[in-house]
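Below: a set of structures, written as structure tokens.
In the two assemblies presented below, chain A is common to both, partnered first by chain B and then by chain C.
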Partner chain A sequence: MIGRLPQSRTTAWWLVVVGGLLTVVAVAVVVSLGLGQVNIPVGDVWAALTGGHEEGNLASRIVLDLRLPRLALALLVGAQLAVSGAILQGVTRNALASPDLLGVTAGAGFVAVILVLVIPDAPRALLPFAALAGGAASGTIVYLIAWKQGVSPERLALTGIAVTAIFQAAVTAVVTLSVENNNVQLALQWLTGSLYGRGWEDLWLLLPWSVAGITVALVVAHKVNLLLLGDHVAAGLGMRIEQARMTLVGIAVMLAASAVSITGTVAFIGLVIPHLVRLLIGADHRLVLPVSAIAGAILLLVADDIARTVVPSLEIPAGLLTALIGAPYFIYLITRSKTRISV
Partner chain B sequence: MTSIQAGRQPHPVAALHFGLFGALIIGGLVLLALGIIVDTNVGIVDMDLGQVTRALLVDDHSQARTIIWELRFPRALVAALVGGSLAVAGAVMQALTRNPLASPSLTGVSAGAGFAVVLSLVLWPARPLGLTPLIAFVGGMAGGTVVFSLATRSVVTPVRLALAGFATASFLLAMTTGLLLLSHDTVGTVYFWLAGGVAGRGWQHVEVIVPWAVVGISTAFIMSRQLNILLLGEDVARGLGISTGRTRVILMFLAVILTAAAVGVAGPIGFVGLIAPHVARFLIGTDHYRVIPLAAVFGATLVVWADVGARNVQRPLEIPVGIVIAMLGGPFFLFLARRNA
Partner chain C sequence: MNAQPTGYVTRPVTELRAEDLVLGYDSRVVVENLNLDVPMGRITAVVGPNGCGKSTILRAIARLLKPKGGSVLLDGHAIARMPTKEVARRMAILPQGPSSPEGLTVERLVWHGRYPHQGFLGTSTAADAEAVAWALAQTHLESFATRLLDSLSGGERQRAWIAMALAQQTAVLLLDEPTTFLDLGHQLEVLELLAELNQTQGITIMMVLHELNQAARYTDHMIAVHDGKIWHQGDPVEVLTEELLHEVFGVRAQVLIDEQSGKPHCVPLARSNGIAEQAKAALETAAQAAAGRPVGGPA
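The block that comes next holds the complex of A and B.
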């Protein structure tokens, strides 16, 4: 179970948390815009952002054309995955749930790999749309299979694992049968999750999903609180359980699928961030959701910064780093005994 | 879900029970033998069954004998040994954690072993073949730590265990993919290995896996009494004079050893360790003196026949056998999930 409701945290405390996180975002943004193969001083970054440079200035082009859209994408994708994970952990009443668990990432990955390896002539611009469709379809399949006079959280989780396993096998099959294909590197990069080479057009693709998804999620966040009380209590309080569950899972799927469709399968953000946030501010999801969004954005931004800069000649996929950061925390969490957020 | 709680006795009459067990073992072995013969029959050079059987039994120095004896027969043998090892590993894990969803692939043991082997393929391509199971063992222990420590401390629900295993496995999968991505040259071979398969396996692979598989499976059989008692719960087991801590550690080592031997030779093939013990328990009940041998035979049969499928789906191309089994095992898992939760 995911802790008790409501935790008695004061308003002041959560203002401190939010304020602190927003400060971290601001600092991270400035630092990320300056860091890279070419390091740009803060003053120049500021000048570029405010239009203080003349047309065609190199620093200004690097900041505005390359780093700014990539940074914005990192923030959005991180936020979406974290919110998606927070919703799913609430709905399944399981602190180990994550967007990967609903088969969303695996389904998106499967479609993406098919597109990249089996139909190499297909225009690359189709990739996000195909992945989005694949992720959403896969999430729907999991939901439908798990349906047996309603969806129990346990059945949803197990079904997700099974469907994910099937998709992963299919992905492996496709990659194995096309090892001669030049696009294998691209496919693998996509499967690990990377922001390499993403630009403004990707950002414009994602933005509507991001804004709409996160807004709706925040509006319906109180339903998560009710579901956490258990089906009987929630029903007793006049809630339509299945309807609420379907709405929430639908939002989570759209958030995760659209995020993954741009970057590929970035791991562990949706699993780890909501945990961390609940430790900080308690289990009221009206607060957990927005704070998760900010924290998730920070995690992916920092991971992508490390990925870009640690070995400048080599683009490490950001998804590898989120896994490296997230997994130790997860293991610490799971091996700790008698936690408030037991697993 | 076929319950793994102790005490389920589907056939009260012991004699009938043993008759059923004998029939199942013999039936399984016949299916296995048939599978091996059919598996050795498939390939680029077509042969009829008579030729195959003769080539298996007599060394007449013909080309057929070389193809069958040097290439196809050891491959089928590896498939059988891998299947048997994984199935018994799964049966042991399920009893040990008292959890019907425990299995090498759902606990992160397979993924850990797979990651360790990929790491060794990238860093030390020229390592001796016999070392692979050891490397896989180290990785498997690391991969299984999270789930086992979770399962040992208290009785966790199947869902929690599966979730913990899933998270561990997806972490290791991400690491493996990242590793492949950063080591451009080896992608093809490593990826094929990672899919789990027995293509191109020969006598040297049989030699690598035989000692591990034989020792592991027999030890599991010998420890059936402990497995049965552990199913009764911690208190009863202690009351019956079992040192549960030590027994658990030994059994965990055993499960990881069997998994590592299989993964080291054939890559991480999933679901065998889930399916075979379930089918065995469904048919014969929960007495591990019967479950272990039956699961071993079923697991071997499953992988051998899956290999037959893997070689025939896209002739002359082969798909890794692990994929065929995942296509069977995924739906089986779905079935378990729907029944259970």
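The block that comes next holds the complex of A and C.
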């Protein structure tokens, strides 16, 4: 009836979607903890989770020391990248926007690689900050190059692709040059996003960034809705547009860069997830952001599960799988007619 | 047309004026030393040829354009120095041709009008719900609440945007060419709605209009802008004259008074310096010369 709080779909539909997604998360978590080089039955997984750390018990060590932090990181990184993409697509009114396409993840990854491989003595806690600086710098570069009395979606995408390519080449160069001084595995992890070897240390490092970033994003989500009405309308409604845009983009860059500082550049989550979510629940960003977080978490978790188990005794980087899933969808997006690619 | 506000307006405005405004884009100055007092409680139309600066003036008053000089004063306070939300609680603006984002329903659009009254977190109150319900009722859109904005006709969509501005509960409503892309029926729909709002709620309305006859018919006060200056302002009968049409629009026209409304109505005849006029003048000159009369004298 008139006057009730607005919803883009009925409450029932919204509950189904969120309930469904959370169920998937729960199932994926339980399954993931059991999956791997050593398959651990669900019962043992549960015992390990509830029983705590037992020195002699292999299952509990694998679950608690190796898989649990890695899984938690997959959920957080996936969520952060998806929310970052959702914000950027809303703020730039550009369906092709995402932290990877705008060069943010590439710049962040590049600085992170330098810190890890070239200056290994640097304190670990510095990593997300350095990545943030790198991501902000590369994102700004892309925007400045693409700007010509405004930024068209195509110019932004093309410039982002070019700048990303440059930074990826730089990452490859650094990795190749530092292979002699470092473990090859460690170096290769940074060529494409991966969760291999990420443990509790990495989780504690990322957690404050996740919590802060996602919380603030959810609080300011309604500003995206207003910006979508157009600058003049939003200003007429009393919004300080430039401030809002900077806050939103700042949060998006912070979420993407800090995530990338832990895993390297994981592509396509930020681009693809917001599209799927908007298809499911519409364009009210107070809902799109949290649902994107859950969906992104699931995607990366599943990608990482597949990546580490599909070929026995071989660790495929999760970033490869997200690209395998995401790239075809991206191509499909581009081939659709222009009027339907909109936020 | 001068009805007192019935209490829906939360922040009444007693004075809105522009003082020595200098407006322009980049290095180009479009309007210089403009002084304008918006009549409260009445409907004002700003008319003029393309590029005369009328939209520029409206945008400056709405705080969408930063003046290069001078100021716009709301109850004596410069709006440039007031917090944006404060201004938005007193003045609502409906810009030209607003874009409708995909998937936006009428209801959600109107709810956006409550933004200036909501706190930092954007949470909604009973007062918000009341204002939205009222706005939908005023624009006769109650049955359209859950419809998608894109699925509405031009006139209905414009009414939805007006409903959003109404939900802001402002004393002043500014509109930039609200009827330009609508067909005649929808144009009248919007204008009649605005007239009704002014009569029943006492909302001060100022709008840029292209259609001179509609402007004369539906407004109390007309401001004709020419080359960034106010050419003349006042009652439509005084402003919509053959002189205005000739000097400002370059059109030769006949102005009649409509019997029913008492408002002026112009019938354009030809462009003042158009080919037809030039040919006519040439023929007259030739006829006078042939008749042996001094050229240029009385016919």
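Just so we're on the same page, the second predicted complex is superposed on the first by the 250 of 343 C-alpha atoms of A that agree within 3 Å, B and C clash if a C-alpha of one lies under 4 Å from a C-alpha of the other, contacts with A are read in each partner's own complex, and residues count from 1 in each chain.
By definition in this document, a residue touches a chain if its C-beta (ideal position, glycine included) is under 8 Å from a C-beta of that chain, and two chains touch if they have at least 3 such contacts.
These figures come from a predicted structure and were not determined experimentally.
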{"item": "A:Ser152 touches, of chain B and chain C: first, second, both or neither?", "value": "first"}
{"item": "Contacts of A:Ile273 with chain B and chain C, given as first, second, both or neither", "value": "neither"}
{"item": "Chain B versus chain C as contact partner of A:Gly236, first or second or both or neither", "value": "second"}
{"item": "First (chain B), second (chain C), both or neither touched by A:Leu314", "value": "first"}
{"item": "Superposed model, chain A: greater residue contact from chain B or chain C", "value": "B"}
{"item": "Touched partner set for A:Ala112, first chain B, second chain C, both or neither", "value": "neither"}
{"item": "Touched partner set for A:Thr172, first chain B, second chain C, both or neither", "value": "first"}
{"item": "Interface residues of chain A shared between complexes with chain B and chain C", "value": "343"}
{"item": "Of chain A, residues touching chain B in the complex", "value": "94, 96-98, 100-101, 145-146, 148, 152, 154-155, 157-159, 161-166, 168-170, 172-173, 175-177, 179-180, 184-185, 188-189, 191-192, 267-268, 271, 314, 316-317, 319-320, 323-324, 326-327, 330-331, 334-335, 337, 343"}
{"item": "Chain A-facing residues of chain C, complex", "value": "59, 62-64, 83-89, 92-95, 98-99, 101-105, 107-109, 111-113, 115-116, 121-122, 124, 129-130, 132-133, 136-137, 142, 145, 168"}
{"item": "Chain A-touching residues of chain B, taken from the complex the two chains share", "value": "101, 105-106, 146, 149-150, 153, 157-160, 162-164, 166-168, 170-171, 173-175, 177-178, 180-182, 184, 187-188, 191-192, 194-195, 270-271, 314, 317, 319-320, 322-323, 326-327, 329-331, 333-334, 336-338, 340-341"}
{"item": "Interface residues, chain A side, partner chain C - complex", "value": "2-6, 8, 219, 222, 225-226, 228-230, 232-233, 235-240, 278, 282-284, 286, 342-343"}
